C-alpha cells in the first residue's frame, strides 16, 4: 500500500478521522471501498503484530484449509494477505460448493487425509467428527498462553455460541458443560427469525406476526395477495437442514425437546408429546396452505432466493439469509425487514436455534501449532471486526464486534431492524438439539416424516408416533 | 421402408417433431437462459424476448463473479480444463490397456478368457460408491489422493469395461482369415495386430473411445469424493454458482452450455464413427 | 520341401474333426485334398499353416517339426477360399504383403507385384481396393498374394469355390501350369472332383474325420475305396444298384433286370451277400435288341452335357440308370432301348460297410475279416 | 503334444510366448481393475461390521447382522422397491422410445443423420448438470415447464416436489438423458442389418408389422441386449440424477440404493449399513448382468454359427 493510503488507514485506526473521511480519502486515491477495508485492517494487523506475541514463530510454514463457498469464506480470503504478512506463513485453501461441502469434509477426514490442516464446519458436524477422532479439542490451545496471543480474548465470544460448539462427547451430554471439549471455534452464526417483505406487508395491510397462529394467518393472507407467489418460505428437503432452522426454533419455544436424557444416560424420543403434535399440525398446515409449491425440495437457497425475488412474502429461516437477500442484485433489495419471532404466545422470549459456521482443526494435521496461529487469527477480534465492518461476516460471534458502533450503524443503515432483532433474540439463542452421534439419521428421518405429513400421506399424530418408535429403535440399536 | 402413404408421412413427421421438441427444447432453453440476467430469468410468465447479455460467459471465462457481496473468484475454466484433461487421459490409457486385452479376448481364445473378460466387465457393475468409499482411505495411504494419476486410475472403472466390451465385438467381427493371411504372408503377430486388426477395428475403437470420453466427462461422483478443488471437473464445478448470496441462474446455464460444448463438438466431428461405427458388423463389407 | 503329417488329431471342443490323419507330400508334388464340406480339409490346411493349433500328432516340413513354429516362419503361401484379402489395402498392397515381410526394397516389391499381377492378368486393377474388385479379380489377387513371395509350400484352400463357372473353367486350365512353374509343393483343397483330377499329382480323399484314400487321379477314379468315393468322383454320378452276387455255371454272376452278368471270379467271396453294384454311366452302352445279356430300359429323358450326352432311363424294376456317351454318338432317344455293360468296368461294394470289394485281393480281405 | 517333441526341436521361445501372449495382453487391464478391486474386498469387510464412524468405540464384527436387519427394515424394502421401479420404468420406456426413434431415423439421409447427432446432445450433458437444468425448468417460480403445465390447467403441478409425481419427474429426466444412448446403439444396429431379408420380404409383400416382429426385432436382439444391459445396470445404480434433483426425497419416495448408501455414509457415517446396502446392490446387478451377458454370448455364438 502506498504511503498516503497507509497514513489514512493509521489515522482512522487511531480515531483521528471518521469512516466517512477515510472512505473519501481512499476514493480520492483511487481505492475501492472493499480494498479500503483490507487496507484499514492491514493497519489493525500491524497493531496486532506489536502485542508482544511471537507471530513469526511459524514463518515459512504452509497450511491448507478446506472451506465452504460462503461470504464468510470470502471475508477470510479477502483478509488473508494480512495474516500472511503478520506471520510469514502461507495459506492454501480449497473451496467447495455447499451442496457437496460436508461430503467432501467427511471424505477427507474419514480417509485420514493430512492434506487439510483446518476446515470449516458447523457445530452439529463436530458431534460426528469429535468422537470419530477427526478434530481436536481446541481448549488445549485456547488456554495455553504460549500458543495464544494475549489479545485473543476468548471470553469475548458470545457465550451461547461458544458453548454450543463444546461438547463432552457423551451422548446427551449438555453443550458447554465443564468437561466439554471445544471441537470448533465460531466464525459467525445465524439465528432463525422472521424476514418479511415490507412492501408486500404494507400493500396488503399485514401486521408482523408474533406467534405461530398469527404466522399461519399472515402467511395465508400474504399468499393470497401475491400473484404466482406464496406466503411463507421454510425449508423442506429431506435433510437435517429442514429441522434445524425455523422449525426447531418454534418447536423449542413451546418447551419441547428432541430427545429425553434419562437418569441412566439413555436417550429416548420426545417428539410425540401432545404439545409437539399440536405444533407439528400447525406447521404442516401452514406449509400446505401457504408454503412453497415445491417445498419438499427447498433448501436454504430456494427459501432465500424466493424471498429475495418477491415470490414469497416472508421466511422463517436464518436471519443472515434475509440479510443477503436484502442486498443488491435481488429484486426485493431494500424491501426486506426483520423481526425476532417467538412461536409460543406464552413464551418469555424467542428461542432461536442457531447454526454456527466455525473452524475446526484436523486431527491429522502435521503442523497443529502453526494451524492454531491461523485459527486464533481468523476467529480473533481483528478479523471478526474486519469481516463485520467491511465484508458480510454477519452475524459476528464476538460481543465486542456487536458493540462496535461502526458495524451497528452499517447494519442499521442498510438493514433497518436487523440489529434490534438480533439483540432481542440473542439471549435465547443456542443449539437446541441434544448432542448425540445419530443426529443426522434422526433429523433426516424427522424431515422425511414432515414431508409425508405435508403430502397427507400420514396423519400428524400417527406420523410422530411412528417417528418416535423408529427413533427409539435406532437409539437402542446404537446402544444410546 | 418406402413410405408413400401421406397419412403415414404426416404421422412420421409429427413423431419426429415431437422427439426433436422433447430432446432439444431443454438445451434450447438453457442456451437462452445463459444469455440472460437473473432478473429476466425470474420473470413470470417466461418470455423469449430479452436483451441478450454476455455477462454470464464473461464471468465464467474471466473467473470473476460479481455478486452483491463483491467479486467472487470462480475456477470454472480450471474445472473445464480438468474435465478435459481427466477425460482425455483416461480414455487414452483406457485404450492402451483395453484394446490389446479386447484383442486377446476376441481372437486368442485362451483358458479362462471368458471368465477374465466377464470379470473385467463386471467391474462396470460394481456400484461406484462401493469401491469409492474405501478407496479414499487407500488413496490416502498410497499418496494418490488428490492426484490426477489417482483419478485417472479410478476413471478406468468407467472407461475400461466400455472399451473392452465394444472393441472386443469389433475384433471378433474381423474375419480371422484376414489376419491369418497376413501372418502366413510372413508378418509377426505384432505387425498383424498393428497393420490389420487395428485399422479394421478402427471405427469401433473410435466409437468406443468417444462413448468412453462422454461417460468420463459426465462423471460426477468420483472426482467429488476423491479430489480437492483444483482437480474438480465441470460437473462438480457448476455447483459452485449456488452461493449464499443467491443462485446465479444465468451462470449455471452458461456453465452447462460450456460443459456440453466440448463433448458435443467432439461428437459432431466424429459423428460417422458414432452412428456408423457402433454397428457391430461394420467391418464385414 | 516335403510335408509329413503324422497321426494328426484336432477337435474343437468336443467335436473331433481330424482323428489320426497321416499324410506325406513330396517335394514339388501337388496333392489335392478332396472331400465334402466339413470333412476337415480346411482345418488340416490351417494346421499346416500354423494358424490353428494341433491337439496331437506331428507336422514336419522338410523334416523339421513345426511344433511351436509361428505361421510367419513356415515359409508358406496360402490362398483362402473366401480370399481373405485385406479390405483396407489395395490390390498392390495385398499382393505385396509377403514381400514387405521380407523387407524387400520398394523397387523390387513393385517389380515383383507387377510381374505376378501380369501373370494372373490383374495388372490393370492393382490400385483397386478389394471392395472394387470383381469376384474373379479378388480370387486372382488372393492367388497372386500367395504366389508373390515364391513360397516353397503353397496351400490353396478351394480358391475357385467362389468364382463363376466360366472363370473356374479357365483357371482349371491355367492353374496346373502356374503351379508347375512355381516348383512349389502344393496342397490344394477342393470339393470339385474335376478340379482334383485336373490338378492333383495325387488326391487324398477326406471324409469323416480322416483320409479314406490316397492315390493318383486314375487310381481313385478306377478303384474308389468305397461307395462314397465312387459317388464323389464322376459326373454324372455313378449308377448304384443293390445286388446279391450268386454262383452260376460260369462262375459268379449278378442278375440285372433278369439278365445275368457274369463277373470276375475274384468276387466269389461275396456270393450271397448284399452288395452295391457301381456302374459308371460311360460303362453302359447301347446295343441292338436281342444282344446277349442286354438289359431293356425305357428312356425318360436325354441331356447334352458339353462333350457328352447323358440319358436317363428306367429299368424294368423302375430303377433309374444314367447312360452317358460321347456327344454326337448315335443312340435311341425314346421308347425302349437295350443297354449292356462290360463286366470289367463294374465296381462292387459291400452294402453294409460301403467298402470296395477288390477281386484281386480276395485272400487278404478274407483274412482281415 | 508331448514334451519330447518340444524339447527335441528348436523354438521353445515361440511356444512360451504364444501361450503367454493373451495373458500378457490382458494382464495390464486386469491389474488396473484388480487394484480397484481391493477396496471392494474392504467394503465386504465393512459390511460385516457394526461400524459407525461417529461411534468408534462401538465398532466390531457383527457378521451378517447388517444384512439380517434388512429383513425387518422397512426402509430397506422401500429402497429395493424404489430402485426396481426406477430401473424397470426407465429402461422399458427408454427401450421403446429409443427403438421408435431409431426406426424413424433408420434411412440414411442428410436430415436423419443430422437429427440423430442433434439428439445425442442430452447424452453429452452430464446427468448431474441435466438434473440441474430440469430443476430450473420445473421451478414453480420461473420454470418454463411449470408455466406450460399451468397453461394446460395443471396450476399446481409440483414435479419432483410432489411425492405423487417425483418418480415420474426423475424418470423423465433419465429418459431425456439416456434415450439417445439406446437410440444410437439401435440405430447403428438397424443400419448394419443385412438388406436381403427385407428386400425379399418386400418382394413377397409380407406385411410390415410382420416383418418388424419376425425379422427386424430378432436380428436386432444383440443390440437390444447390449443396450439393455448397460442401461439396466446403470439405472439400478442411479445416483447423480436423483441426488441432484431431490436427494432421495420427498419423503423416502426416491431413496434408491446408491442415494441411501451415500446418505448413510456421508451423513450418518454408518459405514456398516452403507456397505451392506451396496453389497446387496452389487449382488443384484451381478445377477442381472450375468443373465444378460450369458444370453448375449449365446446369441452371438449362434449368429456366428449361422453365418
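Read from first to last, the chains carry the letters A, B, C and D; within each, the first residue is number 1.
The criterion applied here is as follows: contacts are C-beta pairs under 8 Å (C-beta built on N, C-alpha and C of every residue); 3 or more make two chains touch, one makes a residue touch a chain.
All values derive from a computational prediction rather than experimental measurement.
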Taking each chain's centre as the mean of its Cα atoms, which chain lies farthest from chain C? A
Sort out for me whether A-D or B-D is joined by the greater number of C-beta contact pairs. B-D
Distance in whole angstrom between the CA centres of chain B and chain D is 15
Can you check how far apart chain C and chain D are, centre to centre, with Cα atoms defining each centre and the answer in Å? 55
Distance in whole angstrom between the CA centres of chain A and chain D is 41
As a quick test, compute the distance in whole Å between the mean CA positions of chain A and chain C. 94
Shared interface positions of chain A, touching two or more other chains: 103, 107, 110, 228, 309
Mark out which residues of chain C touch at least two other chains, giving numbers and ranges. 70
Interface hub residues of chain B, defined as touching at least two other chains: 42, 44, 137, 189, 236, 239
Which stretch or stretches of chain C touch chain B in the complex? 46, 49-51, 70-72, 74, 76-78, 80, 82, 84-88, 97-98, 100-102, 131, 145, 149
Which chain D residues qualify as touching chain B in the complex? 19, 21-23, 25-26, 28-30, 32-33, 35-40, 42-43, 46, 100-101, 104-107, 113, 115-130, 132-134, 136-137, 141-144, 147, 176, 179-180, 184-185, 187-189, 191-192, 198, 222-223, 226, 230, 233, 237, 239-240, 257-258, 261-262, 265, 271, 274-275, 278-279, 281-282, 285-286, 289, 293, 297, 300, 304
Any idea which chain B residues touch chain A in the complex? 38-39, 42, 44, 67-70, 72-73, 136-137, 139-140, 145-146, 224-226, 228-230, 236, 239-247
Residue numbers of chain B touching chain C in their complex, please. 175-178, 180-189, 191, 196, 199-200, 283, 285
For the complex, give me every residue of chain A touching chain B. 34, 69-71, 74, 77-78, 94-100, 103-104, 107-108, 110-113, 115, 228, 301, 304-305, 308-309, 320-321, 324-325, 327-331, 333, 391-392
